[in-house]
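The following block contains the structure, expressed as structure tokens.
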Amino acid sequence: MESALSAGIELVAGLPTIRVDFRVRYAECDAFGYLHHAKYWEYFEQTRTELLRACGIRYRELEAQGVYFVVYKCACRYRRPVVYDDLVTVTARVLRTTHTRVDHAYEVHRADELTCQASTTLACVDRNGHPQAMPAALWTHDR
Amino acid sequence: MESALSAGIELVAGLPTIRVDFRVRYAECDAFGYLHHAKYWEYFEQTRTELLRACGIRYRELEAQGVYFVVYKCACRYRRPVVYDDLVTVTARVLRTTHTRVDHAYEVHRADELTCQASTTLACVDRNGHPQAMPAALWTHDR
Amino acid sequence: MESALSAGIELVAGLPTIRVDFRVRYAECDAFGYLHHAKYWEYFEQTRTELLRACGIRYRELEAQGVYFVVYKCACRYRRPVVYDDLVTVTARVLRTTHTRVDHAYEVHRADELTCQASTTLACVDRNGHPQAMPAALWTHDR
Amino acid sequence: MESALSAGIELVAGLPTIRVDFRVRYAECDAFGYLHHAKYWEYFEQTRTELLRACGIRYRELEAQGVYFVVYKCACRYRRPVVYDDLVTVTARVLRTTHTRVDHAYEVHRADELTCQASTTLACVDRNGHPQAMPAALWTHDR
């Protein structure tokens, strides 16, 4: 952590970074007792919502203005299982921003243990799903 | 079963009735190994989609025309657990239709065993969530 | 609120009561934009986990001791829609406890607005799903 | 398609391949109306269940014998959106099998349109999550 921008956001190596805690819910675990691998994406998505909020931007209002982000690609490596009632911390960083795309990297920790690493590329689209340039306030927020 | 209206729909005691099979998915089961109680509502919802389809109505097209249904109330009794990879049959019947509401009753069977009974009341609303009368074709289809 | 038992729990009319906040996630909303009606049960379940925790009991440890709770029946009335990024408060109260069952009542508020009311009956079962008496510490905690 | 092994399975370039249809459920779509990106993993998982079934293996019985598979890594590229009530076909192929891991590749088509491509690596573990060699019947089934 180099400096705090606001209550929730920091710059790590110059990039906006946030940490959000999640308590693993019973319904999120599968029959093996593990947090189901699909559910991580919901944690990452919610963490992006909080990252934007910490930057002063409410994603809901972006949508109301016709600015949408959809996941274009993603990848994940699950290193250690996480189970019901574990408290995990998701760290999300903006890796790269272009006029139409944003790359994020994620880490999940349970206390000091790294349990998962992931990445996504989001595309900015309009209400019809067509690519559009994102508002300047977004793609320059990590300068 | 008194008579078959189409491939999928029957009249049971004069009411449109449909049966839809579901294979219980791994991700739908919770850490105890049971189909999670919340997931049944997704099965019931999907069964309503198929009930409408069997009546010649595609719910997606209703929405495109500004006709939406939202669940107003629901109740469920879980009699026997259902687990991963079980094949269950959901039976849905229209119990009652008014100009603005539809009541459905549901049963879940695994082979001959009744595992669950439920009911819902749906309200017809517009795009803003305000109540509206449903198209006549819907509230009279069980005459 | 009559008295506080601990940081999170209160007695309302002599009954243990808890309030838990949930930020509605994007993935929890359906194509109409509403928090999907099935997802409320996950909020209620998580709230029960927190109610137990506030009583000094970790449900995960109960399970490790062979004490499980399954939802036997439930009912819900959805009064007002809730949408993505709304902050809602779920209030859960223990209504009644017998040696084998627990009844809870739930309310969902968005600020001062009551949006949903629900109830569940849980049954205490063993690892094989057979009914069993719950530990005395549980069924007497509301005396 | 080179040859059919059974009702559901084929060999494509010498690799066991299966196609499974999914009707996109309302609850699986997010507030933007798209099949939520996290839900694809549930489709892929269910398709693996069917791939095993077509090979004469029921994953539920593998688990009963102490053989579990967990997702170790995954990647996905979402090419075109899929919406409520679309009928999509998931094609899953076994790409590679070692004594402890299986790689699958997936494609999602809506009619002739390729909408999504993905891959996973599963690790074979025991009940405690420790790596174990999978039964010979599994890692040799694609010879």
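Each chain carries a letter (A, B, C and D) given by its place in the written order, and its residues are counted from 1.
Just so we're on the same page, a contact is a pair of C-beta atoms (placed from the backbone, for glycine too) under 8 Å apart; a residue touches a chain by one contact, two chains touch by 3 or more.
Predicted, not measured: the structure shown is a model, and the values here were computed from it.
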| item | value |
| --- | --- |
| Comparison of A-B and A-D by number of C-beta pairs in contact, larger one | A-D |
| Equivalent interface positions on chain B and chain C, same or different at half | same |
| Duplicate of the C-D contact set - from A-C, A-B or B-D, the pair where over half of the pairs recur | A-B |
| Where chain A and chain C are represented by their mean Cα positions, the distance between them in whole Å | 28 |
| Separation of mean Cα positions, chain D and chain A [Å, integer] | 26 |
| Chain A and chain B: spacing of chain centres that average the CA atoms, whole Å | 35 |
| Chain B residues counted as touching two or more neighbouring chains | 26-27, 31, 38, 41-42, 45, 83-84 |
| Contact footprint of chain A on chain B as seen in their complex | 26-27, 29-31, 33, 36, 38, 83-84 |
| Parts of chain C lying in touch with chain B, wherever the complex brings them together | 31-32, 34, 37-42, 45, 63, 68, 70-78, 81, 129 |
| Chain B partner contacts - residues on chain D that touch it in the complex | 23, 25-28, 41-42, 45-46, 49, 58-60, 83-85 |
